[in-house]
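For clarity, chains are labelled A, B, C, D, E and F in written order, and residue numbers in each chain start from 1.
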Amino acid sequence: MRQVWWNGKIIPESEARISIYDSAFMFGDTCFEMTRSFNKEHFKLDEHLERLMKSVKCLRIPMRESYINTLRFVCEEIIYKNKDEFKEDDEYRLMIDVTRGLLPRYEQVGSLGTNVIVSIFPLRWATKGLGKYFDTGIPCFTPSQRQIPAQLLDPKIKHRSRMHFRMALNEGEWPLLLDPDGFISEGPGYNFFIVKEGLVTSTEPRNILRGISREYIYEIYDFVEENIEPYDVYDADEAFITGTPFCMLPVTSLNGIQIGDGKPGIMYGALLDMWSKNVGVDIQKQIQDWDNV
Amino acid sequence: MRQVWWNGKIIPESEARISIYDSAFMFGDTCFEMTRSFNKEHFKLDEHLERLMKSVKCLRIPMRESYINTLRFVCEEIIYKNKDEFKEDDEYRLMIDVTRGLLPRYEQVGSLGTNVIVSIFPLRWATKGLGKYFDTGIPCFTPSQRQIPAQLLDPKIKHRSRMHFRMALNEGEWPLLLDPDGFISEGPGYNFFIVKEGLVTSTEPRNILRGISREYIYEIYDFVEENIEPYDVYDADEAFITGTPFCMLPVTSLNGIQIGDGKPGIMYGALLDMWSKNVGVDIQKQIQDWDNV
Amino acid sequence: MRQVWWNGKIIPESEARISIYDSAFMFGDTCFEMTRSFNKEHFKLDEHLERLMKSVKCLRIPMRESYINTLRFVCEEIIYKNKDEFKEDDEYRLMIDVTRGLLPRYEQVGSLGTNVIVSIFPLRWATKGLGKYFDTGIPCFTPSQRQIPAQLLDPKIKHRSRMHFRMALNEGEWPLLLDPDGFISEGPGYNFFIVKEGLVTSTEPRNILRGISREYIYEIYDFVEENIEPYDVYDADEAFITGTPFCMLPVTSLNGIQIGDGKPGIMYGALLDMWSKNVGVDIQKQIQDWDNV
Amino acid sequence: MRQVWWNGKIIPESEARISIYDSAFMFGDTCFEMTRSFNKEHFKLDEHLERLMKSVKCLRIPMRESYINTLRFVCEEIIYKNKDEFKEDDEYRLMIDVTRGLLPRYEQVGSLGTNVIVSIFPLRWATKGLGKYFDTGIPCFTPSQRQIPAQLLDPKIKHRSRMHFRMALNEGEWPLLLDPDGFISEGPGYNFFIVKEGLVTSTEPRNILRGISREYIYEIYDFVEENIEPYDVYDADEAFITGTPFCMLPVTSLNGIQIGDGKPGIMYGALLDMWSKNVGVDIQKQIQDWDNV
Amino acid sequence: MRQVWWNGKIIPESEARISIYDSAFMFGDTCFEMTRSFNKEHFKLDEHLERLMKSVKCLRIPMRESYINTLRFVCEEIIYKNKDEFKEDDEYRLMIDVTRGLLPRYEQVGSLGTNVIVSIFPLRWATKGLGKYFDTGIPCFTPSQRQIPAQLLDPKIKHRSRMHFRMALNEGEWPLLLDPDGFISEGPGYNFFIVKEGLVTSTEPRNILRGISREYIYEIYDFVEENIEPYDVYDADEAFITGTPFCMLPVTSLNGIQIGDGKPGIMYGALLDMWSKNVGVDIQKQIQDWDNV
Amino acid sequence: MRQVWWNGKIIPESEARISIYDSAFMFGDTCFEMTRSFNKEHFKLDEHLERLMKSVKCLRIPMRESYINTLRFVCEEIIYKNKDEFKEDDEYRLMIDVTRGLLPRYEQVGSLGTNVIVSIFPLRWATKGLGKYFDTGIPCFTPSQRQIPAQLLDPKIKHRSRMHFRMALNEGEWPLLLDPDGFISEGPGYNFFIVKEGLVTSTEPRNILRGISREYIYEIYDFVEENIEPYDVYDADEAFITGTPFCMLPVTSLNGIQIGDGKPGIMYGALLDMWSKNVGVDIQKQIQDWDNV
């Protein structure tokens, strides 16, 4: 069974459970990161940990800044401890959570203080059923549920107070939430891009989580950040989303209106190829193979 | 040790923990209720359970409507099972949580499906340190953090995606959150009232949790619901909050500006007396006694 | 063939066409009314004409106030002229349109000035396919498209600049548009009501067309006007819509969430019965019979 | 008499009329384009037709994408057919309208389906009375009526649901509508620019129709897009508007406050000269001559 | 020459000047009241002084609550001292200002501390030119300038940070400012009422100064408070404004659209008569006589 | 005693007082500038005067454009006249105010017309107590009071209707007001900057006074203008404010959350050094020396 790091202890995954009196459970008061590997090598782990430290700071969860070094070590350790639980063609997915801990009024129930939890599981859990979308593209829609904007609860902090994402998912698969100004923000777990005449544009970084995968696109190709409205999507040549587990998936329609020629775009394909080449993994093939097992 | 009801099993409180892969932990995707007793008799348990069923419905957590009958029974049972854990002068506080359960992609970690959890603990945990405020009144303030309005995530659903409450508490004790229109909504766990020339007014029931204690005021005295602005509070004769653990507490200033004569109000006192009489418990004395032990 | 009144002339329906250079075509710059009969007797014709005059005034379309008398006469006349075009079991549906007329710059194309058009057709055209909903109720949804609020273009004026209604209909059948504040406004051609513990509530009359059918409910039963949010609908015992062609139809779900027991409500049934009795027509039967021919 | 193309037929202009049961009349449910010629040569016809196809797509009016080729041909045809109706010093103005057609419930009245209409008339109709403004400049004002923003009904779609433009015109000539955020959007039929220290700035392209004339300025001079507030206009050296019939007109005051030295600006003059030279027509002279006939 | 009370001293009116380093001058940081007499008897002086004390409290200008007694005395005194400066047919107009005083950093310039100033002048200064409107009614308009809403700077506090009123007046005479939600709020110095079928309605008391004259209407006739939109005004039978100097004036058009029959209304007349009778002054005649001198 | 220029007269500072019937006092209807010298040499006086003329124009205070030349002369004159009132180590601080003058209805009290006032005092009055912040940095906070946005009353006009600044200061020292969209605007008298990885960013210039000191940073270093949210500040390496009296001060925390390492930043120091060098005054030392006298 997989093992989990919990405040310095190694416990079995089935025991990795948080008290119902923890602020995490009570208020959605957790910040977290989820990573992936390529060929079992960490991808952008430092970037994830740095973003986590920012979230911790903004939420004022007590944790010293240098703790990031411990976390680096813990991640290595937890991978090592669990390596036999993974198949040869697996990739790692780490989940790192930090909670404020038991609310003080429940101190009789357990010990107080910040909880740090690092767990791991096969990435294929998170990509299940996605393989086909590399070929067909995703049909997105703008739900009635709007994004909670930064001035009310900042999505740039990767927190777990995200019921609005569940509400959007209740309306259908692959929602793209509009923010209160009517601009596209993000979906639950993915950022959004359009391509028009070779120009790659992503949403303004205001009312979104600034995804590590989104940032990675910068490394392989320049893009600009603009307010994107549904009209811009209908007018685009292509569109895609980015997210850690699947890296990139093409979007071929919004609200039933076809984008470009309704097929995965050329720029999308080129970027995915570049990404695959850079990390030494055929991203699309890997995920499709997992689906076809 | 206290015992908890968990999906039909009785487990020790220390084991009442939720998987880190549960939607509750992942998304703040829980709805819940917390009750109290007077002289160890349930207060408004049915109202709490009915509100819970509404929350469940709005969040589309799978649960049959008739489950409310089970819950009634479970609450009785869990009180009975734990009765020896309570002192003679204790009151019960039940916590009833419903979560969507493990996210399907983590099915290897445990079993899927709705989780229902009923736990219990002494009410005095929740009233600790409040005793003095019956005499001095509470100094409230309007934080920079605004309430998330109903159209983005409805606070009338008693959910646990409430990081914004933590953010408000980070700014200071006793916040009264303004909604995006600048009207007073609520605090984390309490509703708000003002009194002016004998007229009792509470906030419009739009951007708040419609508290059971708030509703109870209706039973003992008529009040009206209006948009309340800070000006109205400065102009009021008195103000108070309601919340399940403490029932009612006077508010004697807002943002450092004195309300009325700066002392607990006459109407407040009369309503608290009536409430105490109705339930056969001197509410103020009980809480102050607990603090003085 | 049906005949149409057009600025004082009687013309065949197929000729009832407006210049492509008319302000009506150019700007959606028309105000209008559509009525119905019961047993071929006018229903609330005066109320419709009075509302039309208000629309004319707000849009500043040049027309003298006393013109309402002419219109009363014209409506009678046009019914009389067309009576042989209607079957015995038909009802009349009048459409009265007022446009600002040809834009002055196109004066060479025709004559300038206000256009008044009164046409008529069988009501069954407008109720086609609705019969079944009296039994099953309507499944409404809140589209991503929001209502244009009164401060931008007042829906209390019955105008024809209503592309946003088409956009909502593009998202699905039976939309209930939220206004920018997240309150339910109306659908394309119908007002909305909920019933809870015997209390009938309709939307605030701000961001809606104040329907004649909606007003008629006042005559047979008291109702209150409140901001209605989706939560209130989920929490209601029943819900219904009103509109001239069908009078009243039950709403049994919103966004897939069942309202009450998911069947047409008791209050709804009682009001429809009263209405039917008052006008001497079994409203439901008539529409269902037309569908079953 | 001028001839109009109507769904493949050529009909006289006086017959170019749309049924009162057409969605165009009923909902303002039309998209359209209006062009001009220079020396009777088309200007940017392709750009107009491409924008039309985008509008068609966003409104989901059924029409195959390749129809643009037909439209190119039809425009040529309709000019040819009407060429004898134009004087030697005339310019052409094409109007191309696409409507969703008769609402299905009125199918007895005519045939269903998309309507495509191409008509033509002398440009001088649209420029009548504008000649003097090339010398004096236009006095603009910000009306109380605000622009309907893209998130409620996208002005980037060139539709005919534009009552709010009529309402603005009811307040006075030459309105510049503020959007709900207080930024200048556009007037009914024109885009807006300011010039400050040689820098040409136009409004952000969000809450406006992205005019073909506006785009043409790009071809002859670089400009930037920014949110423009009244303050920026008062602070500018010069200002102008662009629109197809008149190309460019200077704006010399806003709300009675003089812009720059209150005369048509130098940059304005230079751009108009360049435009005139590029198209081989003295734009100002042509329009002033028409006015002086 | 008229004498002014200034922090306990009596000084000539021409000396009643505030330092350019006073917070009043620097920040518009003053609260104030302006009253009137009928037959040289105070009208509602206590209400004015109580409202002043509320403003002082909300602005946190240091002043003890009991100071209201001093102010009552001072007002009497200042009237007495100046009585010979008034003609027999004059009425008194008191102006009472409270400022925070010299900003501490300018302490070398003068003495610090709250400034209280009571001055007096003939009411006819404030009513000059208004006489004719009793007969013709006022033509109001909704300016582009919006009201600053309570959540940004509360107009219920009678302060002097009111540049937006000047900006509205720059657009024309008799503005009625819309608040950011598009509801009518108030004009610079007057509240607004409509009458429809005998029902008198005033604006919601949220984004307005709650005028003493407005409150007085309550004493002579019941009215309701509702959000009022321009549509409601166009649809009303009559309209009027209230303000201390003129008491009540009829409004006969809004934005050029006639209200009712375009003449001062019956209800208006009745209320003004009642008011005149109650105070023993023919209000209309007095003001018109002053204009006719 | 210091002398003040008042509409062409030289009067003693203690007489520099404005009538309580002036529009300045009545409406906060003043625009103004405040300057500073370095080594008793004017700094950016022309820029201040030009901005003043813009404010005058936007407020429509009657004043001819060429008056700026007079003002230049007056400033020189008033410095000269007062030079003996300043110590050797003093710097000058000019205050230039323009008011609309006595409201016409009070014409008996004095003469009507624009008032222009130029006064002068030692800069050290304005920097008192600030010395220590050069070392410790300023702890800023975001108050509940929001900035009044440009569309309601434009802060780009340097006016004196600024009660909202006083309200923010009532909440605490060093407020940074959020605008209604949740972006940082400015504090009472200072603009805001952040530095991240060498990139200097200031707020968008929309809802702020565009400070002369802020503009000066452009001259010594490039910066970009972006919407800045609290998150961006928490994520920054350093932050600072600019204002005329103190030039630049470091900001080391926001809402109690440390910025960077919590000490004055490197970029801040470098810019201040450059500024000091450019003007030949050790800015920090000068202010600290004044504090230490």
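Please note the rule applied: contacts are C-beta pairs under 8 Å (C-beta built on N, C-alpha and C of every residue); 3 or more make two chains touch, one makes a residue touch a chain.
In this text the structure is predicted, and so the values were computed from the model without any measurement.
Undergrad: Using the touch definition up top, find the fewest steps from chain D to chain F.
TA: 1
Undergrad: Which chains are shared contacts of chain E and chain F?
TA: For chain E paired with chain F, the chains in contact with each are B, D, in label order.
Undergrad: Look at the interfaces B-C and C-D and say which one is made up of more C-beta pairs in contact.
TA: Of the two interfaces, B-C and C-D, more C-beta pairs touch across C-D.
Undergrad: Tell me whether chain C and chain E, two copies of the same sequence, contact each other through the same residue numbers or different ones, using over half shared as the line for same.
TA: Both copies, chain C as well as chain E, present different residues to each other, with under half of the numbers appearing on both sides.
Undergrad: Farthest from chain E by Cα centre, which chain is it? Let me know.
TA: A
Undergrad: When the C-alpha atoms of chain D and chain E are each averaged to a single point, how far apart are the two points in Å?
TA: Comparing mean C-alpha positions, chain E is 47 Å from chain D.
Undergrad: Return the distance between the CA-based centres of chain A and chain F, expressed in whole Å.
TA: Roughly 45 Å separates the two chain centres.
Undergrad: Between chain A and chain E, tell me the centre distance in angstrom, where each centre is the average of that chain's C-alpha atoms.
TA: For chain A versus chain E, the centre distance works out to 58 Å.
Undergrad: Two or more other chains in contact with one residue: find those residues in chain B.
TA: If we look for residues of chain B contacting two or more partner chains, we find 60, 151-152, 170, 178.
Undergrad: If every chain is a node and each touching pair gets an edge, what shape is that graph: line, ring, star, complete or other?
TA: other
Undergrad: Where do chains touch, given as pairs?
TA: By the stated definition, chains touch in these pairs: A-B, A-C, A-D, A-F, B-C, B-E, B-F, C-D, C-E, D-E, D-F, E-F.
Undergrad: Report the residues of chain D in contact with chain C in the complex, numbered from low to high.
TA: 4, 13-14, 16-20, 23-30, 59-60, 95, 97, 100, 105-106, 108-110, 117, 119, 121, 125-126, 128, 146, 148, 151-153, 159-167, 170, 180
Undergrad: Residues of chain C touching chain B in their complex?
TA: Listed in rising order, the residues are 178, 181-182, 227, 229-231, 234-235, 257.
Undergrad: Spell out the part of chain D that touches chain A in their complex, as residue ranges.
TA: 54, 57-58, 60, 149-152, 154, 156-157, 206
Undergrad: Could you please specify the touching residues of chain E with respect to chain D in the complex?
TA: Going by the criterion above, the answer is residues 141-144, 170-171, 178, 255.
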